[in-house]
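These notes open a run of structures that come right after.
In the two assemblies presented below, chain A is common to both, partnered first by chain B and then by chain C.
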Partner chain A sequence: MKNLIKQRETWLALAILLVIVLVTLRFSRFSQPANLLTIFNDTSILMMLALGQMAVILTRSIDLSMASNLALTGMIVAMLNAAFPGVPIPLLLGLSVVIGAGLGAFNGVLVWKLNIPPIVVTLGTLTIFRGLVFVISGGAWVNAAQMSPDFIALQRGVFLGLPVLSWFAIVVAALFYVLMTRTPLGRSLYAIGVNPTASVYTGIDVGKTKFYAFVIAGAVAGLCGYLWISRYVIASTEVAGGYELTIIAACVIGGVSIAGGIGSVAGVLLGALFLGVINNALPVINISPFWQMAISGSAILLAVVLNARGEASKGRIILKKAEAA
Partner chain B sequence: MTDPILTLTGITKSFPGVKALNDVSLELYAGQVTALIGENGAGKSTLVKTLTGIYQPDAGEIRVAGQVVTLPTAHSASAVGITAIHQETVLFDEMTVAENIYLGHAPRNRFGLIDWRKMRAEARETLDAMGAGIDPDIKLKELGIAKKHLVAVARALSIDARVVIMDEPTAALSQKEIEELYVLIELLKEDGKAILFISHKFDEIYRIADRFTVFRDGEQVGKGFIKDTSQSEIVQLMVGRPVEGIFPARNAQIGDVVLEARGLSHPTEFDDISFAVRKGEILGFYGLVGAGRSEVMQAVFGLTQPSAGSLVLDGRTITPRSPADAVEAGIVYVPEERGKQGVITGEPIFKNVSLPSLRKTSKSGFLRLAEEFALARTYTARLDLRASSLSQNVSTLSGGNQQKVVIAKWLATLPKVIILDEPTKGIDIGSKAAVHEFMAELVEQGLSVIMVSSELPEVLGMSDRIVVMREGRMVETIENKGLKPETLVRLAAGILEEQAA
Partner chain C sequence: MTDISSTGRQLPDRLDNPLRSAVLSWESLLVLVAVAIFIANSFASPYFLNAWSLSDLTFNFTEKALIALAMALLIISGEIDLSVAAIISLASTLMGLALQYGADTPVLVAIGVGAGLLCGAFNGLLVTRLKLPSIVVTIGTMSLFRGISFIILGDQSFKGYPPSFAWFGQGYVFWVISFELVLFAFFAVLYWVLLHRTNFGRRVFAIGNNDVAAQFSGVRVDQIKFILFCLTGLMSGIAAVLLTARLGSTRPSIAEGWELEAITMVVLGGVSILGGAGSIIGVVLAALIMGLVTFGLGLLNVPGIVMSIFIGGLLIVVIALPILFRMWRQRA
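For the complex of A and B:
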């Protein structure tokens, strides 16, 4: 099993390399380190969001509201910044995480206490959160001129040769790695995804564990709300519209099983990077945006087919010689 | 005497490690009800599955009206006129009654499409002939279980079945509904169907059956006419085998009461259950399947909440609201469905073992894999688990070894009371003995064991005392000294003493 997951990640990394090589043949500057770092930086937000989504999908749930959460939290901190430019940025940063986590907790409580299927809950909050963006902003934008210079500068700063935004992604990925492999909560996320019934009998509170997963996904979405707004320097009602599906796509390409219980941090990072590379490479070699969407879509289907084959039951091991293998 | 409609001869069916059916034969006659009787695990369900095309026998012959037939699929079984009515009906809730009756053989019109009008008319005709009073146009889910049985019978009539198998059809019915079912069976008899009636309940068998066949451990051990045979003769056939000898000797010191249940009740599952298990004791729970034993244990383990009654552990009243509470208090539960409720298949052995003990093996919120491995190694070694490594996926282990993983998981939490629900169900003889030996060791070390089991030899061989349950109530708690298997069966099945004597 472990070898299999490793293999899948290896193949994904090879696929990314292949795309880079192919594009470089047409456009030699594509593979220059500076450009690759730009792609990484461009993909940072997607990587973080996909990791949050993975925590939820592992528990046989799904969070469709992440992009709306991002837009709402982003709008709140942008409006706060516009109204009170004196509020320190680290405080706004912390606030975005807390607001996002709160919105995630709302999802989580509905799933946990009322036992509503996650897809229904988050389909509802997808619309509610997006609607609240309209309500609080009155449909107006917060633009660059209204934001304080510090608000915009933070993620653009460079630390040890990398943009701060990239560092955010690296730190979040490291935290997720520790969470998933080194904490009881991470272990529970996998356990309830693989076998919810046995998990109940083992004394794991399945509802509560799902609640935590939604809080984690919400917190990440909130953090990315601030990062997104300060990166694209515009807070509007349209921010990240439809992006929830890109997040899920990154998870699926990265080998996260929609049926729960299977997925790794490395896989999800590669899944997000794969989408990032495709989206960066195709315009460079003059492929129309329509074909970009078709190619991204095909990549998702291909990933699902490969994962399904990988997860297919091998049957019972009855032969002694097969057991040794 | 007429020839039988259905004849089985020399049917043998093996599963890895178990011979489920060994050279059995069976005859069913037109217009007669034959009762199939046997303990749990005697091979009754395997036989039903063989007859309905779900299992293929390894050897033997099936004849329908003298013709040898093979039944490679469920469809081929219904094609030769064999149909089964199961304990929980296997019909489709979202479809109408008429659709259920004619699913797979609906009348067609000249375009090859389903002729709805004809189908409804015929369904109504069949149902009216049975006096069922069911509207063929309503959805099946709106009917109660008894009415669903009627639909299943109507389906049997509509496909012109010659053999009708009824697998514990009364298990979920009320007394009134059972009476209605009897009327229906009479109807089927008059119609010339051969009926195989599987039941644990002697009153039913004596009420409805003409003949009987007794199975024990996958073999046919007796048959005859019900009217010529007394209940105690049949009980004798069911249990007639020596039970001593294969169980480990026990030298545990029995101490004070550890866990006591007082008047546990549940609105629908059980009523007024009281028992006490002492230190170093194995308390057996015996009863027929569906007597409510597992349900009581699930309440003790905090999976469900009893509506009345209390639990006292070491002199302290406890109210476990979740399995986590129960584990915390020192009560653990090894569930019956190993694959579904016991092990997390797809995860390695060590993760399964350490799952409920993660708080112990982690430090300031972080897991320590080395500690987990040490814990898993200690407890799996005590159980003599056979695996190539502790990182091996549990889904690749045999049933017996999976059971050991579940038990190791719970021992690692250092429990006071361990509840084993059908601990040796579906595992091979060698592993069974290992589990039994291990139970003896557990009580020697001062644990209290509650063992729910439907296997008579196991209950008699392992328990110090036995609680017998029937239909959600406690019948009796007996010391296991010189206890005869017949007594237990009688108590569990509700046969009166003087009748059997």
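For the complex of A and C:
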């Protein structure tokens, strides 16, 4: 099974390479390291969000409210910065994680304590969080002039040749790798997705684990709220509108099964990178950006067909092993 | 019977005393909510209690509710379609494209409805033939369908629909009764009969409760699911005709976010998102409630984005309240 997952990731990596090679044929500077690093940096936020989403999807849940959480947390942090420019940025950064985690915990409690299906809960909070952005801001924007220079500069700094934003993605990815492969919580997330009933018998608190998954996704969304606002230097009600589905798309392309229990950090990173490479490649080869949506839609459909094949063959292998035993 | 329900799966509520369950049913709760909001509206705004105001109110929900009717059946069968708003966008764009080539009203309507049907069939084929999860398939086709609209239209828009076409979205059949409302009433009755009074409807419930058992009982699960996807696409096509006719123009971003509103109506209407339970009357009431809330708040000059807080809150509260009530009763 591990080999199969590896194969899918290799396949995805090859697909990304193929796109890069094809675009380079038309435009030789595309594959220069500097440009590839730019693409990585551009995709950093999507990678982090998709990792958070993966934690939720693994447990057979879904979080549709991540983009709204991002917008709300981003707006709160931006307004705080505009009102009190003296507040140190690391504090705001920590605050964004806490606010995001709090919003995620709200989703999580409804799923855990009231047993409401996650899609219903997060459908509700998707609109509630987005509406709250409008309420607290009064529909006004927070723009570059109102933000303090440090607020904008932090993620643009360069450390060891990489922008700080890229480092955020790398650190978050490393944390997720440890969480998913080296901790009891990570194992529980997979276990619940594979078989919730068996998980209960092995002593896993299914509801509580789902709650943690939502808190993790919320914390990531909150962090990305600050990063998004300081990157695009505008906080408004429309920030990241509709982005929740792009996040899920990155997961699906990365091989995360919507039925839960299957997915890897590397796969999700590649899934996000695939979308990032496509988005960066289109303008370079003179394809109108209006093609972007249809292409990512086709990529999702293709990925889900391939995912389904992978999952089906996994089932057969288990049967073969059972017969052999 | 109580022994079974305490050891195994919970038995459905309708095995209770029929009178008691009718009083305590989801639908009567929705009626109460609707009446309360109606009364609150009439106190809140002097412009509310007026035949034309009430007529305008119906335009707030009829198009989405048409989709919600078919979506209810789809969700009861255990599937979902997130691409409905994108289907509206594609169908509307294709109608606009046909208009550029001089198509007249009947052709426009046929193209809109036909495009919806084909999109639904495409979803249905992917889900039933390739055995893919519908939530992912329709997230994909959602981007694909709307993406095609963006490819065709870019940042442009189609305008200049003929007056005879505009009638579908703006016309009145009799006094304040709009064509949209009549059409919605017609389809509401049709879907009620289909779901609650035919073998087909019974099979939809059976599939939603246990599709493997349904399959072994001789129900053609894939065929029925395919039909349900086609119906949802068809209703989206009809909604596209009405919306395009009402707005008089097509942009690729038309009907953005409607998939979530249609699903909210269905869930608010008491349809279980896990499949297997629900009623058309509930969905119609939920559509009415959402129309009342948005229109009433609109009369009070509340911005649309703030209304969405109420809709989202309503969704969670209405689902959570009965659960909290049950927990409280079990503890007592």
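Just so it is clear, the second predicted complex is superposed on the first by the 312 of 325 C-alpha atoms of A that agree within 3 Å, B and C clash if a C-alpha of one lies under 4 Å from a C-alpha of the other, contacts with A are read in each partner's own complex, and residues count from 1 in each chain.
Just so it is clear, a contact is a pair of C-beta atoms (placed from the backbone, for glycine too) under 8 Å apart; a residue touches a chain by one contact, two chains touch by 3 or more.
All values reported here derive from a predicted model rather than from experimental measurement.
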| item | value |
| --- | --- |
| More chain A residues in contact [chain B versus chain C] | C |
| Which superposed partner A:G203 touches (first chain B, second chain C, both, neither) | first |
| First, second, both or neither for A:V178, with chain B first and chain C second | first |
| Chain B versus chain C as contact partner of A:G94, first or second or both or neither | neither |
| First, second, both or neither for A:N195, with chain B first and chain C second | first |
| First, second, both or neither for A:R187, with chain B first and chain C second | first |
| Residues of chain B touching chain A in the complex | 16, 301, 303, 322-324, 326-327, 333, 335, 337, 340-348, 351, 355-356, 358-359, 362, 365-367, 388, 391, 393, 396, 409 |
| Chain B-facing residues of chain A, complex | 1-2, 178, 181-184, 186-187, 190-191, 194-195, 197-205, 261-262, 317-318, 323-324 |
| Touch list for chain C against partner chain A, complex | 82, 126, 130-133, 135-137, 139-148, 150-151, 153-155, 252, 256-257, 260, 263-264, 267, 273-274, 303, 305-309, 311-313, 315-316, 319-320, 323-324 |
| Residues of chain A touching chain C in the complex | 62, 64, 110, 114-117, 119-121, 123-128, 130-132, 134-135, 139, 237, 242, 245, 248-249, 252, 258-259, 288, 290-298, 300-301, 304-305, 308 |
